[in-house]
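Some structures to go through are shown next.
One chain, subunit A, links the two complexes that follow: it is found with subunit B in the first and with subunit C in the second.
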Partner chain A sequence: MAGGEGPVSGVAESREHLFKVLVIGELGVGKTSIIKRYVHQLFSQHYRATIGVDFALKVINWDSKTLVRLQLWDIAGQERFGNMTRVYYKEAVGAFVVFDVTRGSTFEAVSKWKHDLDSKVLLPNGSPIPAVLLANKCDQKKDGSQNLSQMDQFCREGGFIGWFETSAKDNINIDEAARFLVENILANYKTFPNEENDVGKPKLDLDPLKAESKSQCC
Partner chain B sequence: MKSKKASSFHEFARNTSDAWDIGDDEDEDFTSSSSSLQTLNSKVAKATAAQVLENHSKMRVKPERAQPALSEMPTNCKVNKSSSEAQLSRISEETCMRTPLQKQQSLPLRPVIPLVARISDQNASGAPPMTVREKTRLEKFRQLLSSHNTDLDELRKCSWPGVPREVRPVTWRLLSGYLPANMERRKLTLQRKREEYFGFIQQYYDSRNEEHHQDTYRQIHIDIPRTNPLIPLFQQPLVQEIFERILFIWAIRHPASGYVQGINDLVTPFFVVFLSEYVEEDVENFDVTNLSQDVLRSIEADSFWCMSKLLDGIQDNYTFAQPGIQKKVKALEELVSRIDEQVHNHFRKYEVEYLQFAFRWMNNLLMRELPLRCTIRLWDTYQSEPEGFSHFHLYVCAAFLIKWRKEILDEEDFQGLLMLLQNLPTIHWGNEEIGLLLAEAYRLKYMFADAPNHYRR
Partner chain C sequence: MGGFLQSNSAARSAVCLNVTALTTGKGYLLNWSCVCLPWFSGPLNLCSGEFSLNSKWIKIFVLTISKNKTFLSLFFFPRNFFTKRTKELKPAVQSAPGWKLFGKVPPRENLPKDSKIIQQEYEARTGRMYKPPPPSTRRKNIEFEPLSTTALILEDRPANLPAKSVEEALRHRQEYDEMVAEAKKREIKEAHKRKKIMRERFKQEDNIASAMVIWINEILPNWEGMRATRRVRELWWQGLPPSVRGKVWSLAVGNELNITPELYEIFLSRAKERWKSFSETNSENDVEDVSASVADREASLELIKLDISRTFPSLYIFQKGGPYHDLLHSVLGAYTCYRPDVGYVQGMSFIAAVLILNLEEADAFIAFANLLNKPCQLAFFRVDHSMMLKYFAAFEVFFEENLPKLFLHFKSYSLTPDIYLIDWIFTLYSKSLPLDLACRVWDVFCRDGEEFLFRTGLGILRLYEDILLQMDFIHIAQFLTKLPEDITSEKLFSCIAAIQMQNSNKKWAQVFASLMKDNKEGDKNHSPALKS
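Now for the complex of A and B:
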């Protein structure tokens, strides 16, 4: 997995990280549902449309000496709100880009969102922030399955570090996708540990060596 | 700080009767700072609690009722009593989910209002018989509404502190400018406007599946089921179809903005108020198939036109880049920095930006932050106040923010602050809280309208 290559042994005492992670994609693809599932272990058909941005916090006991706080920014999907994204993306260190497998148009919009992301936020070394593609509502998938190798190729070309089929409803692959993203973010961090403690506000974790890792797909 | 202006505000306070009712036994001094509002609030909370408890014990008493509004009322108008338990559990589940901060529970004196989603205000079903004062107010409204030429200034003055439920539909039609003040022209105007709306439907509604309107329709179609998801009324197919038509027609007739998420919420208060004309009890559980098609069409057309009037006044909230909202969020920041430096600096310290929480306050006119019954009460005032939705709302937002100053100052990190600000515990709010909020907003407006530099450092 992506995280394996970093010099892990360098970090001795316990650490706390706060990472800002964005969740973006077209309206109604299930961004809020994914977050509620991940953070509260709940699913409801009854979430209202997100206006502007919603916040959630997930605390992960990553290992015996690492605590990770994920600050999840649930960004409204309607295009009209698009000009706000620059404000919201600031200092993010990872992202989920979500589409709805039952609506092709939401997949078509994935590239638009990824481009918006990459044009507005970068790691300090100038590389894009790690982004994972989520093919949500896989419980409702009609035809057999997407062509896996096509999706892998799409990820490589689009600069995603990987992709997952998810269902917030049936709790499929959400934890796995989050773990994958966090591993990647942490690997960046461990490669170039930040001198300051990053608790208190989102801090960027540097990533000069990992630019190539984006070709890894699951 | 006590000035001539403040005392004239005080006079205003005395004139505007019931918004101040609950403060009657207090030495009401709205000229003092927000901290006194807080003290007042906790006293009020206790008084209110006692009052609501008392009301509860009278729950079974059939309230004195006005005549059903119109003769169109169908004879088979069945009213479903609130089937509370299932709904309550659903709601409390949602509450837990949405609000990790169950701070409202720290007020043990405050009883639980039976239905969290309850739409009607506390003067509606289940309330005790009207007080003499309420009767007098209602009489005054009836007089104004039935006069040959309704005095709109007077109507606004009477409506500012809240419109009685019985006369709210017609009062709202008048205040929004939809219905003419002249009695004789009303019937014809209504007829003409309703026909005009259904003309639009005939002309445009089929185009929803055409390529250039498909996106608009699809977005509306996705948003409708999740508009007021916890209120059974809005889960009915007939109601959802009405909302879709209203929003689609509005969107394609206003291409500069089109459909923007949040506008769907703004139909709700109108729809509920106009529906309430035909429903005796719990509007939120009412089955609309009990109404005749004519009645439903009138409700739909009236909701469309009144919503259009409202949106006309705040269109720049929804045009490209939403300049109206940007401007108002900035203005809110500026205002708060002057009236409560401590809160303002607290936000700065933890890098909270106003846009992160107040965008929604502006985009949805606080509807996401308040129970529907409170929005309806708030709109009584917004429609009575010059530039209520476009300008006065700013002061209401400032007052609303300062209302939570203690909770805000208690939070000591970014996440905590944002999660507080996005889940403010207003679930038990009713007319009393809105009355106080409006009083404070009025005080702020008064100070800054006449003396914009009053607080400048």
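Now for the complex of A and C:
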């Protein structure tokens, strides 16, 4: 269902959404790789460093009457650019915060990125934008890293709506994580007074919660 | 094993092959259910065949048995032939009886024959062994060079069928001739095109060679006296010959910082000490009780390591194990020791890499440090946000002046320069343009200074103005952060040349200076999206 690119269905009541989603995290954690995998179904060891910001567009036929356009903003990871990238955060409605399971320091930086995110952009109702934590490069994981309940607790305390172990290389959990974020964004839309209920009800029976080797909180 | 070949005149142009194949030891034994070949104008009975194929070619032997004649024929097709509609191939049959080799003088002794003999004959005629042509020319051969097509074609209907009428035979012959003529014409056109490209390439090489002589013998020995002359400036615009490129860049960038090769060695050895201690502390414990500044520096070293492998990855020379990996590491490491206040900033690896490709190690470092010391580069690499905003604002003044329509289009989407200019300026176009073209931009950047970086940006926008005007925000953003790879230097430089760096009689430097003054007086900001 979700995940395919395609034209708008001809149904009269069909709705189109345009969502701006940020992909942030330390340098070299695989932000660009995750996006390329998600949008182009590709993986390469040879992506160039992102300077400034790169873009991608993913069109999702969410259900028979909902079309979702995800505008993905792939933001350079060096902390130094922090000030400069403020403008990139404007009007975002969701975010992925990515770290590399093989480099502990990138996990330590997660809170800093989340804090940075919350200080730069909020939903129209003043609450933080939904953010999903991605533990990337799980294909290279040495065992004995964070255990699941610790991660769940970390997410709850850090204000993440959930977390996924992902691998852009082996295509693990990326579609699932994106679907989970979009569900949350759509749910937020429903609660906005001006958005009414004609937002095609996001179906929650898609089973995003049952993808293997990951857990979620909240 | 048995079957028949049949043509359906209505479907003549739609070539299809519908076979059920039984695998045999060598190839496939065919059970033809239906074959419609464009040049068959009558049905054939009883035909068995064998076909073999490699990845790109299908070779078909067909044994055709009709009442009083038996034909053995041989076809070669590119694999994609049967799925492609080929309008070029029209029915073509000659009036002489029997088969003929498509596009060639027909073999007359056309009775039962071993397929090998046919192949040998074919090889003897064309003077080459049968081998699939090299990959690059395969399709061309079929589309443009009928002489290399080896299909045998039936000139007349088999004897068991009513003969063609005179008109039909004439028409087929005419169609066949037209087809061959058409293909020949195309062949000649292609050849002309190839020749033209070669001529241009030779001309270019000649130009480079003669320019090189001028640079080496005349200009470089009298650098200070000649660098600003009109003749040199014009020659410079044409692009520096690769053999003098590094030298001219070095001279043009200068060495205000008075860095010597010895100084480079000193900073390099400091960097090496630091790497050593860094890897030691890193393996012992996860960098915990060190002061913030040390942690930052070490983070810088870590970043260099990560970024080096992501610098021109497609060249495979800066990656681990590549010939320039250590060199790039050294230059960047030495710089972070030389300028700890700036440190390593993403984008630097691309600049250092381009310099390393054109200069010796110490010279590359000297040029690198001096280049990064230019006001514009210093503003960007220190991520001096307010200065960067000034540069963007100045850029927008000339953007509006030169490309008002596109400027408004961008405005309507709030698409500000920070979306695309950051990458272009930080890497001096070395990431966004093909490397040879980026070097040409560097050539003129060394001649004209920072102004040329922004002029190049406008040149790119001008080159793609028509396309960009049709796009919405996300597509423009995607387009500009990943420019087409087929961008050519002729087109880009003619667009850059057309950009006027003149705004109501004010030049870049004046516009920039007045923006600096404006801002000091707390005046309006020209880049609205960057207001925080």
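Rule of thumb we're sticking to: the second predicted complex is superposed on the first by the 179 of 218 C-alpha atoms of A that agree within 3 Å, B and C clash if a C-alpha of one lies under 4 Å from a C-alpha of the other, contacts with A are read in each partner's own complex, and residues count from 1 in each chain.
We adopt the following convention: contacts are C-beta pairs under 8 Å (C-beta built on N, C-alpha and C of every residue); 3 or more make two chains touch, one makes a residue touch a chain.
Keep in mind that this is a model prediction, so the values were computed, not measured.
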Clash or fit (per the criteria above) of subunit B with subunit C on subunit A: clash
- request: Considering only touches as defined above, state whether A:Gly28 meets subunit B (first), subunit C (second), both or neither.
  value: both
Field: Touching partner for A:Trp62 - first (subunit B), second (subunit C), both, neither
entry: neither
- request: Determine, under the contact definition given at the top, whether A:Met84 touches first (subunit B), second (subunit C), both, or neither.
  value: both
- prompt: Regarding the shared-chain residue A:Gly104, is it in contact with subunit B (first), subunit C (second), both, or neither?
  reply: second
Task: Would you sort A:Gln71 into first (subunit B), second (subunit C), both or neither based on which partner it touches?
output: both
Message: Under the stated touch criterion, which partner chain does A:His40 make contact with: subunit B (first), subunit C (second), both, or neither?
response: first
- prompt: In the superposed view, which residues of subunit A touch subunit B and also subunit C?
  reply: 27-28, 45-49, 51-57, 69, 71, 76, 78, 80-81, 83-84, 87
- line: Contacts from subunit A onto subunit B in the complex sit at residues 27-28, 36, 40, 42, 44-49, 51-57, 69, 71, 76, 78, 80-81, 83-84, 87, 200-201
- request: Name, in rising order, each residue of subunit C that touches subunit A in their complex.
  value: 286-287, 299, 302-303, 306-307, 310-314, 343, 345-347, 349, 383, 385, 388, 416, 418-420, 422-423, 426-427, 431, 474-475, 477-478, 481-482, 529-530, 532
Message: Looking at the complex, which residues from subunit A come into contact with subunit C?
response: 27-28, 45-57, 69, 71, 76-78, 80-81, 83-84, 86-88, 90, 104-105
Task: Using the touch definition up top, name the residues of subunit B that touch subunit A in the complex.
output: 94, 97, 219, 222-223, 225-227, 229-230, 257-258, 260-262, 264, 318, 320-322, 351, 353, 355-356, 359-360, 363-364, 368, 413-415, 418-419, 422
